[in-house]
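Chain IDs A, B and C follow the sequence of writing; residue 1 opens each chain.
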């Protein structure tokens, strides 16, 4: 849905304004859930950058989420640093860690990178428990939710909702600009045909590592936000299940899509709850059915499905061009 | 020295289980480029079916063989019904479907049979074997024999039967296979059937040791990933060998290295995966795929 | 004489791109027809259309039977063997296994030994290499293997895509000589070739494709003498 920027901008603004009204109509618990959605959306956008736009499979993004969360928690708990400051610090920290991880990962393609990141994800809870002195071991670190500044008449949940929404809008806007620019074109070129990209002078090694870093930074910031929103970090919250959940959100939402990150976040936040409402006895079975059903109906994710409907409505048949490992449709930056 | 030999044999026994599951993973990966994340859960489900058959009064080996048959049919049906609708979708989409299968299997198993651990019988005698002063568990020896027997049958099937040849061809080069008249879709379904059989063997062999519960195969699957990584995801023989090596190494490390406690249960597997990926990503016997630009 | 193969108004698509724009031709039984044309003209696509490897509209009849709704595997069972562009050998399997697979689509079971003998008769080098992995054969040997595998089907129609590609002239000449012999046993051949001289020698009927359309067709000895063809495709 590129082109026609003005109606789009107006539409997005309307959405954001609508989102701003929610704290005054929803309960604290629902606001907490929506804050969580925004946090997941940021994390998933990070993953989308790496896997959707750049074609590097990561089954370990939970690790960066954990680094961000713990970095923020430790800064707040030990050194009394304000939660706001922990966000950029967590981001930069994860940028560096991600970049460094991206370097050896350059040698690994597809399945092998997935295995490496999967192993990383499996190791995270154990590593966190091992460094007890910093992380508080199995018991984790208990934090307190910040109050709204300047005496604004908002309770912590409402305030945090606005914070996460603001960070979401900012990071999404940055992400969209990044993808529209030179770096965006380079990383997509590398995904589609990395040998040809290199032959055209793109430094694939540099860009791939950079994308790893940026992707990790996004997910790290999300993790840092979650530390404040949940007000608690513990190793078992950051197990391999988290990484898999983020990947599910990514694919369901639509891999090479910015809007997809939000759709995916909504899915992973709310569908498990619906599943539990439908069946107390086997809720995950229902979740699995939803997951499979979505993939049947929309193999390119929700964003892909919407795009397909849109082009079908506005002109004649679209056919996806051959099969790729990553569910994308050619040249998209939605 | 005695302890060393004991631990090696014990390691070969668990290694056989990893080898079976790794073979299942590699078979499907070779044919479709998809890692079937649900393989372990399907194996667990098959093991529960065997348990139910035994509880209904069937003697062990009758239940065992029936379960293999049921697993085969189950694998074929799942491929045709669940995977086929997305067979031309991007790989990550298919992976999502296998993840969906994983949670469905796990959840339904818990619903039908509850999460209470159940003992699972071993067909092998209680008394250990003594050979030259070294004591071997009968279950370990029996496990190795069963695994080797199954692997032998499969090897013979693939090497010497026309159907086995057609399945190899379909995995290797589906386009050319169609051009000689092979129904690649059917071959794929058969592949899933066979993979389910290997998984079932692994499940039924490991259940007496770990006790039967819905999360039976979680750890085994991770070790199977390590085995397939070590041996090479593109080499069935490699995956099998990888399984035995991983089993032996896990056992020896557990015996001789003191700080590997239960907290660091997967450390050996993870360390092996990382080391192999850093040094030789395609594994001992895997081949790199040459792509034309 | 009813046509062995009859193609009417064939259009072929790769995704949304149309590669063939209404190709029509027919082949008589027992003949050798060659499709000539530059790169990208649609020659390989035409063969793929017959083997049902691309989306098409239009009619394709083989021995009176419509092929449009059939899958590739079914077309093979009707007696059409296709040796594709790039040979399509199963490189990890042995020569013998490749040949065995060639017979998979055959209706009549049994008689495998006779087929092996016949095929080794045409290509003795394959008998020497029967237990070798197909990927270790030279280009010429792989081409022979591709033709041999197609013959194992006991096909009535053989589709050959650029058999001369990448091969030394002597080897190519040998292969074409054998193709003539095969044709004399009653196998019709539809040949796609860029080597126009050799193709015109072998074939009795020719048609010329240009950007997905048939621009010229006729008996090979007539077309061989045509000035335009000589200049464009034979280089003199």
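Assume a residue touches a chain if its C-beta (ideal position, glycine included) is under 8 Å from a C-beta of that chain, and two chains touch if they have at least 3 such contacts.
This is a predicted model, so every value here is computed, not measured.
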item: B-C against A-B, pair bridged by the larger set of C-beta contacts; value: A-B
item: Chain nearest the overall Cα centroid; value: B
item: Farthest chain (mean CA position) relative to chain A; value: C
item: Euclidean distance of C-alpha centroids - chain A vs chain C, Å; value: 52
item: Distance between chain centroids, defined by C-alpha means - chain B, chain C (Å); value: 43
item: Distance between the centres, which are taken as Cα means, of chain B and chain A, whole angstrom; value: 33
item: Residue ranges of chain A touching chain B (in the complex, touch as defined); value: 51, 57, 104, 107-109, 111-112, 114-116, 118-119, 122-123, 126, 129, 193, 195-196, 244, 247-248, 251-252, 255, 281-285, 287-289, 291-292, 295-296, 299-300, 323-328
item: Chain B residues within the chain A interface of the complex; value: 29, 33, 35, 82, 85-86, 88-93, 95-97, 99-104, 106-108, 110-111, 222, 225, 229, 233, 263-264, 266-267, 270, 273-274, 277-278, 281-282, 291, 293
item: Chain C residues touching chain B - in the complex, by the definition given at the top; value: 51, 53, 71-73, 76-77, 81-82, 84, 88-93, 97, 100-102, 104-106, 149, 153
item: Chain C-facing residues of chain B, complex; value: 162, 165-166, 168-169, 172-173, 175-184
